[in-house]
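Structure provided below as structure tokens; questions to follow.
Labels run A, B, C and D following the written order; every chain starts at residue 1.
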Amino acid sequence: MNTAVEICGINFKNPVMNASGTFGSGMEYCGLVDLNRLGAVVTKGVAKVPWEGNPTPRVAETASGMLNAIGLQNPGIDVFIERDLEFLKNYDTNVIVNVCGHSVGEYVEVVQRLAECDNVSMLEINVSCPNVHEGGIAFGTDPGALEEITKAVKKAAKQPVIMKLSPNVTSIAEMAKAAEAAGADALSLINTITGMKIDIYKRRFLLANRTGGLSGPAIRPVAVRMVYEAAHAVKIPVIGMGGIASAEDAIEFMMAGASAVAVGMMNFHNPGIMTEIIDGIERFMQEQGIDDLAEITGIL
Amino acid sequence: MNTAVEICGINFKNPVMNASGTFGSGMEYCGLVDLNRLGAVVTKGVAKVPWEGNPTPRVAETASGMLNAIGLQNPGIDVFIERDLEFLKNYDTNVIVNVCGHSVGEYVEVVQRLAECDNVSMLEINVSCPNVHEGGIAFGTDPGALEEITKAVKKAAKQPVIMKLSPNVTSIAEMAKAAEAAGADALSLINTITGMKIDIYKRRFLLANRTGGLSGPAIRPVAVRMVYEAAHAVKIPVIGMGGIASAEDAIEFMMAGASAVAVGMMNFHNPGIMTEIIDGIERFMQEQGIDDLAEITGIL
Amino acid sequence: MISEKAVVENKEHLAEGIYGAWLKTSAAREAHPGQFVMLNTKSEAHLLGRPISICDIDRDKERLRLVWRVAGYGTDEFSRLEEGDRIELLGPLGNGFDIDSLSGAENIAVMGGGIGAPPLLGLVRQLHGTGLKNIDVYLGYRSASAGLFLADEFKELAAVHIATDDGTAGTHGTVLDALDSSGKAPDIIYACGPMPMLKGVKQYAEENLIPAYISLEERMACGVGACLGCVVKTRFKDAHSRVENARICTEGPVFAAKDVDI
Amino acid sequence: MISEKAVVENKEHLAEGIYGAWLKTSAAREAHPGQFVMLNTKSEAHLLGRPISICDIDRDKERLRLVWRVAGYGTDEFSRLEEGDRIELLGPLGNGFDIDSLSGAENIAVMGGGIGAPPLLGLVRQLHGTGLKNIDVYLGYRSASAGLFLADEFKELAAVHIATDDGTAGTHGTVLDALDSSGKAPDIIYACGPMPMLKGVKQYAEENLIPAYISLEERMACGVGACLGCVVKTRFKDAHSRVENARICTEGPVFAAKDVDI
């Protein structure tokens, strides 16, 4: 029995990784989670310079989910390379670096810096953060802008490029095709769905940013549908995410067409959840007599 | 203290109604719910001829929500007028008739038939059902198509026209403006968000239609955000819905800009919920010293 | 039909994964065999009511007996109910079994497969109460080791014929095999169970030109006929829907086998 | 830091809407006063852990005492916990109070407003244990009628000065009014409570040129420093974030008042 998957020629010991922004660079969780067990660690979005992010409150709980509007606070690429990437050299897992910026040029600069880093397996280009007003989401909701940034990033990138798509669009298939046409090596989806919550007694928004990104089991059916539509629209591999809370959920995404899966907000609820999901996938394969996950990937 | 609201010159004794498709024409619930207490009864979508709807299974439970793919099964306008509208003449509440069709012509024919009916307060044009392939959602995701059908329906309509918008779009504000520009008298949103669920053991979709519409508290933050964006983009009134499960939720939608609210899947969980919400809104107004709901509508 | 909090009066563990309870509820006043209720879980993440068929009715004490198999989150939560617990109930729902349809039938076959057996107990008690003598009950189970739940209670009211998938009790096979080996020739059938069994019953009834009434299941949302989630294809245009779909929760769950396409 | 199921050893109802419990957990081994834990609800619809400050620590018996006010779904569910119940716990989290910062201070003021008092009990017990004598504890409450929770326990360890919003006990006003009327001149302050009070403490400390350490609250998601949900504006670039934001769950919840913009 083999839980390994290959994406863009890179081998993952299993298809389970964290969703960017829910796990830092692994540092804060390494005492609770054996990073060596993960298919990959996906780092929090990093920009060319430090970003302050949004004012607080930045998070709010919703029914079977949460809203966040962190605003991609990050220490900048210099500190990230010397601290976070150095830390990750201690672990036997793939490193996928999530890249953010305010302009095509900023994305490209970060991608160029990462080209020198030998323990970066793949790049995930965050063109879908709903909480950053300059740039960010704009690239993620317009096919033309998405093609432009994908081409620019691909030209500068040494590692395979994953474009992370926004669900806040009329046609996810159209966006998936645009990214593929522009040379993306893989896709990841879904990012969060833009939402809002109001404190009716204080008569103000619960998030200082007014809107935030909805994640968690609440949005899983939307994520599964979009992964299915995207995976059937393109030939490049898709990494599926959105409310995964169990091995069964991970399998659901794979049957919908995902080659690998990412766990997001549920890491907050249960830091052990990714390793539990890896164990659960092995159990499912044994029970169902599945030798290789390729047998069920995109089976529907 | 006054819970009444006025929409398009029509008086509602309170801002609470059901979401179309979750309450039939009230017949099935009238033994459990006093229809006279409701601001309005919104009937299930009706077409020019009977529709068979989708194969079963048509519903599935999800985290804090549900998926449905009924496919607008309905008995057709003739039976609807002689049976459902006759039944509703026994009650002192507004009747809003939800209209569906496969083409502009079919919508218009139904609207013309309803022009003769004197106990129809308003029309709600369903251009956003994700479960009907011919037409339906198409009108709801393309601004041009939305303008076209809105104009055609307005020309034929005797009653004020509510356009029910789909959340499956990149910009809800753009769709709201298109409907307003074409002459819509009001908007209602959100319809359900397209989702999917897979039975990983049987390796098949849980819904025979593959995809279905996600509703319930899970999607409330998305609905509140879209109501906020739509209400701030247009001058016509907005009826808000999406996962309302309490009076607090109803107030949240009104503060976001809704002039009235509709309760959907939670009617299934608790048939008494609409009257409980009406009582809860009165309590909230008393506690907060609110004389008229206009004081808090769109306050944010 | 009422919506209220019912009170758990006693809990039964009848067999492997099979639980039962008597619920104190005024819904018992108007309940008939073959009807069902919707029960809510306590979880805000699991919001749809669970349809559970009524196994037995005690009108005097205003109690309903429910028997269910643990098949998911809801039925698992119900299996942990304790005496005195309160649970949100909506019911009674559906049409129930039509006794008038007997019209002089003398040899009655009642067929229950697996968790299809419970709703038939109330029916058999009612038939027995009318003084009918030739009632044969055919009950299908997975295995004797999993437990032949309710069999003894049926035996107090009628002749019981057991079938098991593994042959560990009664006829090795289905309830239809048990009917076959009993040599009986019923002139009416009431059945509830898995779809393959109901298809077999429908075919048997059509081949033998006898009426059969079958109780159907489908995923439901409202349970009262409003959402049109649970429909079955019908041979004729349904009076309510005006298409060839009938609502299992309202026109059913019991249908004349000849009227439905299954 | 440990993630495990803790066991409720006893439950306390301390005052109107104020509850406490001792939890058996190995997290107690490494816990310090001023740290907190995250507790999960049992609801699949309420998935974020609830940060609850540690009130007292029993290392020998591996127990943590938590005291909380019912402020929403989670704390309400916790208030219904019973002895023997198991609850998912993550902790200990945060930095806790820095005792070394005392550096020869002699007159110590410990100020707790409302539900800000509990985390200070463990601190005062620790200070008391070091033999320090001049510890004055200022506790602010809504009203004597609502209950002066923990006040008696503080009295066993230090001089306690009460303030109430309605004047029904002690000084009529805030803990700062109580400090004022006590005539004391502390040379260090440890404080926890509502933001207006902490702003007052910060201002008092700056005017009197003494150090003050304040424990902050913010909505949290992960509790371990990964999500960056709970930050406070800082006067200087934070070593971790490289911007003027520090994580309350990790660099805090206790900060030198002079270092944060509140």
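Assume a residue touches a chain if its C-beta (ideal position, glycine included) is under 8 Å from a C-beta of that chain, and two chains touch if they have at least 3 such contacts.
For clarity, every value in this text was computed on a predicted model and none was experimentally measured.
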Problem - Set of chains whose contacts include both subunit B and subunit A - result: C, D
Problem - Identity of the chain that, by mean CA position, is farthest from subunit A - result: C
Completion exercise
Chain centres from averaged Cα atoms put subunit B and subunit C apart, in whole Å, by 36
Practice task
Please compute the C-alpha centroid of subunit C, do the same for subunit D, then give the distance between them in whole Å.
Solution key: 57
Fill in the blank from the handout: Chain-centre distance (mean CA atoms) for subunit B and subunit D, in whole Å, is 47
Handout entry: Contacts with 2+ other chains: residues of subunit B
Key = 63-65, 216-217
Handout entry: For subunit D, residues contacting two or more additional chains
Key = 44-46
Exercise for the section: Have a look at which chains touch which and call the overall pattern line, ring, star, complete or other. Expected result: complete
Fill in the blank from the handout: Listed in rising order, subunit B residues that touch subunit A in their complex are 62-65, 67, 141, 168-170, 193-198, 200-201, 203-205, 211-212, 214, 216-222, 224-225, 228, 243, 248, 251-252, 255-256, 284, 288, 296, 299-300
Practice task
Report the residues of subunit C in contact with subunit A in the complex, numbered from low to high.
Solution key: 44-45
Practice task
Give every residue of subunit B touching subunit D within the complex, in rising order.
Solution key: 63-64, 217
Exercise for the section: State the interface residues of subunit D toward subunit A in the complex, per the touch definition above. Expected result: 1, 3, 40, 44-49, 88, 90, 218-232, 240-245, 250
Exercise for the section: Could you please specify the touching residues of subunit A with respect to subunit D in the complex? Expected result: 21-24, 28-29, 31-32, 44, 50-53, 56-61, 63-66, 68, 70, 73, 75-76, 79, 216-217, 265-272
